[in-house]
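Naming follows writing order (A, B, C, D, E and F), and every chain is counted from residue 1.
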Amino acid sequence: MWDTEVKRVSAVKRDYLARLAKEGKRPDGREADEYRPIKIEKNVIKNAEGSARVKIGDTMVLAGIKLEIGEPYPDSPNEGAMSTSAELPPLASPEFEYGPPTPSAIELARVVDRGIRESKYIKLDKLCIEEGKEVWIVFIDLHVLDYDGNLFDACSLAASAALQNAIIPNERHDIGKNESLPVGSPPVSCTFVKYEDFIVVDPCLEEDAIAQARFTVALDENGDIRAMQKGLSGSFTVDEIKNNINRAKIHAKNIRKLLEE
Amino acid sequence: MVKLLIKDGIRLDGRKPDELRKIKIEAGVLHRADGSCYLEWGENKILAAVYGPREALPRHIQDSTKAIVNARYNMASFSVEERKRPGPDRRSIEISKVTSEALEGVIFTELFPRTMIDVCIEVLNAEAGTRCAGITAAAVALADAGIPMKDLPVACAAGKVDGTVVLDLTSGEDKEGEADLPVAIAPRTEEILLMQMDGHMTYKEFEEALELALKGCKKVHELQREALLNKYKDFEV
Amino acid sequence: MWDTEVKRVSAVKRDYLARLAKEGKRPDGREADEYRPIKIEKNVIKNAEGSARVKIGDTMVLAGIKLEIGEPYPDSPNEGAMSTSAELPPLASPEFEYGPPTPSAIELARVVDRGIRESKYIKLDKLCIEEGKEVWIVFIDLHVLDYDGNLFDACSLAASAALQNAIIPNERHDIGKNESLPVGSPPVSCTFVKYEDFIVVDPCLEEDAIAQARFTVALDENGDIRAMQKGLSGSFTVDEIKNNINRAKIHAKNIRKLLEE
Amino acid sequence: MVKLLIKDGIRLDGRKPDELRKIKIEAGVLHRADGSCYLEWGENKILAAVYGPREALPRHIQDSTKAIVNARYNMASFSVEERKRPGPDRRSIEISKVTSEALEGVIFTELFPRTMIDVCIEVLNAEAGTRCAGITAAAVALADAGIPMKDLPVACAAGKVDGTVVLDLTSGEDKEGEADLPVAIAPRTEEILLMQMDGHMTYKEFEEALELALKGCKKVHELQREALLNKYKDFEV
Amino acid sequence: MWDTEVKRVSAVKRDYLARLAKEGKRPDGREADEYRPIKIEKNVIKNAEGSARVKIGDTMVLAGIKLEIGEPYPDSPNEGAMSTSAELPPLASPEFEYGPPTPSAIELARVVDRGIRESKYIKLDKLCIEEGKEVWIVFIDLHVLDYDGNLFDACSLAASAALQNAIIPNERHDIGKNESLPVGSPPVSCTFVKYEDFIVVDPCLEEDAIAQARFTVALDENGDIRAMQKGLSGSFTVDEIKNNINRAKIHAKNIRKLLEE
Amino acid sequence: MVKLLIKDGIRLDGRKPDELRKIKIEAGVLHRADGSCYLEWGENKILAAVYGPREALPRHIQDSTKAIVNARYNMASFSVEERKRPGPDRRSIEISKVTSEALEGVIFTELFPRTMIDVCIEVLNAEAGTRCAGITAAAVALADAGIPMKDLPVACAAGKVDGTVVLDLTSGEDKEGEADLPVAIAPRTEEILLMQMDGHMTYKEFEEALELALKGCKKVHELQREALLNKYKDFEV
């Protein structure tokens, strides 16, 4: 039920990928532990408070940040709030459909959200306007433009980059000058999939399609773990999980550099 | 309303009444779509993708005599100053409808019975004139997808501001001005595929505005053709 | 997709209508430029603040006006607001279905709305109760009762007539005596359809069903244009559009007389 | 609640306890519907239309042994003092359900397997008693559509106001009174097709109210029959 | 349309039940006028303000009461409000489906609601916190756990029992000590179904499935009638209705005893 | 946050860091379901039911190679302090998805092509750890329904509170603590079927927490097996 969105792969293609996997080869010739080229562009949407376009290979995601004034939660009257949503529009893939967010889109948005939230990337305690009355609500909207695999990392990266250069639109509300959104150090997310007992980082479209298990980990600047998500119906051994995390530490360091450029 | 929108025949953004905003069009920018187009029109940033013709599903919507053209106009939540809630509102449903109809008018739909041609128009940044920009981008994406068409449709608006008929309104002109007239045509025959208007125009002003819109359409049409001749492999948002 | 609501017409019927069209004849014997009889009755619904029943031939529409107190839009703190919606209930036609408004119903309501709004028929600036806090919101609800073609003109006319005699229900809210809703001069809408290169005003049901293009124009008391809408996948030439508008000016004058009776 | 609803045996609107409001029924008032009825009952204005029997769609809802009777009770947004949001609410869903069931009870549904009979009840102006008025109008519309029925159903409410059992409550009586008992019957056999009650009645009062409701039904039934004999071609809302 | 939820019964089963009915026998051996064993447990849900689990035979329903602070209705500024909803989750029966409440679930909730409301079981006039501003809203949520027939009586009984021991959570809102929800005497509901001219009380699942007509009556402590509902497409004679009510009076007395234990 | 959650190695509810809350499991508690389980885990009260394998409907969702596993996690509106609006929210949709996937991993789905196995998890009272409790109960219900599985899955969370790695967090520990790590495994092979984490843990703390969670799973697994051996006929909520 939950994976009806998964694109059907022909049996022939599936066999071909399985044979490659047995030789430790990937369909696009990469190493198991190799990312596709990553490209980040910031500040691309004028009407957004912050924005970034991220490409990982041919996967392209646009993140836009909007800030609105709203009420704080009763249990944190001094803190702003954040809300993350992901759109998988039919523009980006023949399998996507119009309508309310699918379970896949909800899982994607919630995993990105947890990485940002748990690493305290947005300093929510600095987003209070009037205690218990008015705070800033940060909306992170992830718009997938071209889907060629590994949306978790592309969306996480786009969100981090868009927040990095976002502003608080005080002027629009006549409450002072615009200022930078206070942020700390961003989380970096790494995703692995497993198929035919082969575990690869940064799955391309075909690998996403035949993946049996998926694992995403979000790491902070110290390499500590802030969020994890195992997905799909396959399983990982304890050692595989540990190995993934250790591989992720190295990738995260490299990706973090791109983000700080 | 003491603010003048036109002073000494020059508009607030420096344009003359019959001048278009800056337009940039690129075809074939997406990897997954069968055809695509990225378009910047002033501050508008629009992405269009085409999928199909493919089997129309669910089956009961199939038309045994022709393809169904299903265009969807959608604004990203961050494309406007006040965040837009995701999902279609009444305005975007109406625009999707008239856009679908305008595009269907030029496509040889009878060649593809029982299929559907999906046209996705995503407004990434909006600054007035998005429906015309969307149709213009969609037309390029349809051509990029190799969909056979009688003509390459194109759209442009004219309007009335401070009593003057002008081409291609900005947000401010649309809001403070007196009338807006978006028009889409099949450029070879000048047949009108889409026309909407709201505001206040005398019949004479309408004739003048329509003529201006048609001229605008033809200029934009040249840019569409150039874009199709020079498909880029990458694009900058 | 968007015209799945269009009723299928048999090939035989279609051929018959095409042959008639070639001779400049319409299925009900009218001239191309002739309206069916129009009948307007006002004040038919006791619980509505204003109401009118309009018949054009066998098409019958009921418009009801309700006023509620609400907040003004931030950019017009001194003005009331208006909202127009159209219901196409299954009562009125075997093709109509229950459910949220279809694209056709939304287009219909929005075109009627634009005619009223752009001709400044309702004096919204006189509907402020307390600046920035409370204004009257005028709800125009169009209820189609019998669908025999040309809903655009029937709905527009019913809305105009219902507004003409509407009241502001001050007494219900204990803020003074009831008074007439302040209105100016109503817009009048004329609709044409084209099929087989034949352009007719006030399409009947069969003409609606085979129409290739539709054109509606709303004119004010001076014959100036306040709103236009071209619909359907066929096209008009520039001359056809101009001709339609000039024909509409004459019809609008006649219909305006009925409205003022 | 010092306001008396009944004084010297006369109700606020001048009626005696066992008196109906003024009722007007016209059959065959709509052009498109297979059968229709316009009914005024006091200030209630109700339009009912019937379509069918026609193929039930989507197919998986078809019943191979009988027609499905699908009545929908809908209030126009302007039919009540406080504007009603368009679309079904819980109250109208319940009324639609019990109305469908009451009507199905008299229709020879087994004659039309795999079909659906749609009954549309639109309340244009509401003033208490709309569910009984709706069933009464729907019955006439069904007869007008030529749907074969065992009997022509009819509905009427009784209730209790100021301790007195009365027929056909007004809005005020419904709101301030003690109980409301809407009843629909097949008039020939007096079988009960619909019965709901809310309020407070002793068993004795119930017996009395039921008897009164049955008498009311029979009077309304006469008006139904007259209407079917004199189908008008036009009607006044 | 409205009874598509009704489970299909095989023709063989239907014939068998019809033959039994002709001999005045029920599928589970009960008398026509006999209830299955009834079991009530109160206070089973810690997070609810009141709760009860009711079993009638193998039918099991859980009622939970929650109180929230909200605005009163304009026409009763001194009174609290109540809202009843019923969930028929797929857990309880293979015929139930996820999604918004079906017409059956809505009818069920509304009939239970009317019994409670019309017998003035909850003393709404004692639930005002600040006149015209704040009152308690009592939410009665009926959760069907196992469906083996006669939901009307099981739900009504569970609601009554849950309200009996409910508290007003003043402490959660810092407005004083928790106190008992003020209630009067509960309504008791009895349900009959008719099939093959055989009328039985407390229908089991199979009887629900083939029932042609259904009748529910809610009685107060004096045996007076507070609510009634006839359902399904079959009919009752006037005498049958009267007879049902008189039978209900006896059952209600017995059930009331269980409730007061 | 001066409140200490752990004092002298003892948690606020008196447990040691590696101690589970009290757990009670009963299998076969529902009459209609093909398999069922009632589970109390601390103050959590959870009911799980299984229906199937049965024909997957509508047909277009059928998989010709295997059964679809469709688990739904639902919280009763009264199961939490602040009343929850009925119907799925984003949190429960995510939990339903990962639960479905975790369970699918152990079921021999390929034995039942074109079918669906529905797993209904109703949270009647919630007090932290409901997703693990739900999976644990669902596993017992699946076994009770006789669904063939490679292993009987089981779930348990570990976490970090006041700098200490602890097993099976309470509401207060979840809210005030530093990290939560729910894990579901196939106990025979220790393969990980579900793992989520949010909070802050070093890699070393993670290793420690995972080990603790695995131990917790094994203890809970014993209780699952016992429950399946002693199916009760009735149960107490």
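One rule holds for everything that comes next: a contact is a pair of C-beta atoms (placed from the backbone, for glycine too) under 8 Å apart; a residue touches a chain by one contact, two chains touch by 3 or more.
This is a predicted model, so every value here is computed, not measured.
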item: Interchain contact steps from chain C to chain F (minimum; 1 if touching); value: 3
item: Neighbouring chains shared between chain B and chain E, ordered by label; value: none
item: Rounded Å distance, chain B centre to chain C centre (Cα mean); value: 26
item: Between chain F and chain E, distance of the C-alpha-averaged centres to the nearest whole Å; value: 32
item: Chain D residues counted as touching two or more neighbouring chains; value: none
item: Arrangement of touching chains [line / ring / star / complete / other]; value: ring
item: Chains in cyclic order, anchored at chain C, direction fixed by chain D; value: C, D, E, F, A, B
item: Contact set on chain B toward chain C in their complex; value: 61, 68-70, 90-91, 93-94, 96-98, 100-102, 104-105, 116, 181, 186, 189-203, 206-207, 210, 214
item: Residues of chain D that touch chain C when the two form their complex; value: 30-33, 43, 45, 47-49, 51, 54, 72, 74, 76-81, 83, 86-88, 118, 120, 122, 124-127, 236-237
item: Sites on chain A touched by chain F in the complex; value: 1-4, 101, 103-104, 106-107, 109-110, 114, 117-119, 215, 220, 223-238, 241-242, 245-246, 249
item: Footprint of chain D on chain C - complex, ascending; value: 41, 44-49, 51, 53, 58, 60, 62, 64-66, 68, 85, 87, 89-94, 98, 100, 139, 141, 143, 145-148, 172
